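In order of appearance the chains are A, B and C, and numbering begins at 1 in each one.
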């Protein structure tokens, strides 16, 4: 078991290392440097700025400076918003994104799995057909396109929910729903097919032959086995959530990290882009690592591989 | 069936000949695998419908932009933000007016063709009015909380009003007066082009990488797959963002960036297929007769694993469209003024209250295309699944 | 001679409604069982033997349905039973052991729990400790070495023979009156086979539980059963006491089965005997005798009309036109023996 965890941990570190290095060198390699985007600066000013931000040192030195900064969780100053560090700006954006993420996750868990399980138990009957039709839409249409439609119907036409901003808690509803829709439908389909597979297994027949109550058969025997593949797919779900926040926060003007990321890109604020790329990657990789551990804990068969 | 003692019938004790016994042999035409696949695909109405829709979209994107008579980048600022369906109000003397949502008044011909803007003569902002003069008649444009009204000199609504299609811009114009229809069609061209080319790259790189990895086995395979695993730990969107920030916007750039990152899943798929086939006897037979490894990969392994590969490729087209739209949406894709559906969505979202069609049109286009390709991919997957063979 | 019958099945018909049509898996079978009997059900794959007994506890999976007949367990109508009663029936009256020990046990739940859940479903008030003690005793009863530690094991940590024993322990957990064992030894080595069969016999002697043993192996039947039912094409071909079936065989199919048993004394290089042909299609079953197409002695009447059962003794019957009193005696020279 420990070998499994250790292996995964090492892979995680290698991945992070690669992404940090790639990010760093790519950003440094952009022609024109970080200050020449909007305006042409007189050379002396540019020199002064470069010295201030240590851009005159050899690249390798800058690289190690940056690495040591990251370990201390210091992502450096923003090149666009002079005077502010990236850390400060991330701290500003952090709460809104977190609230959104939590809201979306709750939706996913409360809606996704039950939808799929109920569908599987009522195969080919109306609840199944309707649920599957809806989930097809959620899976096929990209989240920002769905966001557009939902925004139009609920905010413009019906005027039930606010269009932009999160001043009230209602402001979180639409973005959270748009963010969660894709993953909810994906999980619904997955748990449906997984449950159907499980229901066909011989051990389900054995359980029934023992005269157990229907609820016990479904929950203890059925769900336990059918949820295992769902857990392993949570990694992809998380990835979709993470990248979804970029667009959703932009559309709904949620003042979170996703919007900050998109703005940094538009403004060519390279330190911010780097920092947010690294942050996103770290979150992603750690999340997958944790999911792997959870998977290992819930599936007793994993221990087989270590024996 | 047994209790027919009372039934009177003659019992013929003559022995049965072999031919008579085997009267009931199983019949059934044996069909080849691919014929069966085609048959099942044809039965899937959703998939067939999708093929038609895709063909239509392809046709529209390819020749459409040339037929509209307008270029995607020409701006006509005075006619900006015109919706696809406009309400023409006709005055007593037959003059046609069109009231633009931006509170501007235009003259129009009878069939709905908008000609020119009419400037107000004066404004009476206290009463919330703009005053216009045309053909010796005074008109008042009154705006209030419940809408804008064009009234005649007696402050009454004009006698006739009719909602018609915008004749000179069939799908309206965007915020700087460019034709939505042309931009939509051209955008389709870009989105589909990117999607197809990226998918081809995915196929080529993924199949080669996965095929070689799976066939080589042992340490080469383990190493190659470790690389893929490590790369896959980060969502490819992040890589594409980084690359695009480095490259800068542009069709060619987004193509490269997407092609570099899209082949990972396909490589894994192909390698899995190759691994499972490698153990089968006909491969052993080919090896024994001295066929070279490349030939084995190309001639024996690939044709047998092509089913899931086709499905994956078909389903990666909508994924590519979505990714390109996503990148263009956040400003890292195609370079304006060149349109793509993502760019159109980005440009239109700000005006969702005043001119919703600007964002809804590309959204509908994306959705339709995504559905069509997905249903086709699903249909192919069902048709190619050997377990469903009857 | 018990007057009251434990299980009575009358004219049972079960079909599977598939895309290709209605597969008539069980086409009218009738038999009965008293307390303490061991009955062997013999037949090829596809003869309907498993389906018949899954029907008895209504454990058919879609698209299977019981289309006709009557099933009485201790006089009570099983087909009309409410779900609650049916669960009770399955819980402590009838135990079933399935064919594949590999897949019939839930891989993510410990073995001990899979036994105790049956005990606790039957006796809601029983404590966890008590239930586990009972489970341990059951594992000892089925001669599973190291019973206590195995309570915590997962099925995939055990061998096939051990798993089969666990299945038995689960099946007998609530002292059922009837135990149905569907090919319990097919997936196992011959040596383990013997152990399992011995287990069955001992169990019956100790508890007077009736056992239905479904198998395709005549050897198993000869060794363990008192009564035998031979099935083919969804119907019962012959039924009788084990001696009657083996020494006074009254059906061509049974004869064929006997001949198919490899003879250890005759290993001189002769080809192994097998009955020519293949089982009949159950979607469009033959209107005559199901075995007609493969029978050496088939006659025109066999093709046209399905024979009735002819009683050869109070316990022995067979479905064959050769037994018809009208059958011309001069042809009986090539009779049945």
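Just so it is clear, contacts are C-beta pairs under 8 Å (C-beta built on N, C-alpha and C of every residue); 3 or more make two chains touch, one makes a residue touch a chain.
On a predicted model such as this, the values are computed, not experimentally measured, just so you know.
Chemist: Can you tell me which chain lies farthest from chain A, using the average of the Cα atoms as each chain's centre?
Modeler: C
Chemist: I want to compare two interfaces, B-C and A-B. Which one has more contacting C-beta pairs?
Modeler: Higher C-beta contact count between the two pairs: A-B.
Chemist: Counting in whole Å, what is the centre-to-centre distance of chain B and chain C, each centre being its mean C-alpha position?
Modeler: Distance between chain centres: 57 Å.
Chemist: Round to the nearest whole Å and give the separation of the Cα centres of chain A and chain B.
Modeler: 24
Chemist: What residues on chain C touch chain A, complex-wise?
Modeler: Its residues touching chain A are 57, 59, 61, 86-92, 95-96, 98, 100, 103-109, 117-118, 121-122, 154, 156, 167, 170.
Chemist: Give every residue of chain C touching chain B within the complex, in rising order.
Modeler: Listed in rising order, the residues of chain C that touch chain B are 19-20, 27-28, 277, 280-281, 284, 286, 292-294, 297-309, 319, 321, 324, 326-328, 331.
Chemist: Looking at the complex, which residues from chain A come into contact with chain C?
Modeler: My answer: residues 200-203, 205-213, 216, 220-221, 224-225, 228, 299-301, 304.
Chemist: Can you list the residues on chain B that touch chain C in the complex?
Modeler: It comes out as residues 1-5, 9, 11-16, 20-22, 24, 26, 390.
Chemist: Can you list the chain B residues touching chain A in their complex?
Modeler: 229-230, 233-235, 237-238, 241-243, 245-246, 318, 322, 325-326, 329-332, 345, 349, 352-353, 356, 359-360, 363, 366-367, 370-371, 374
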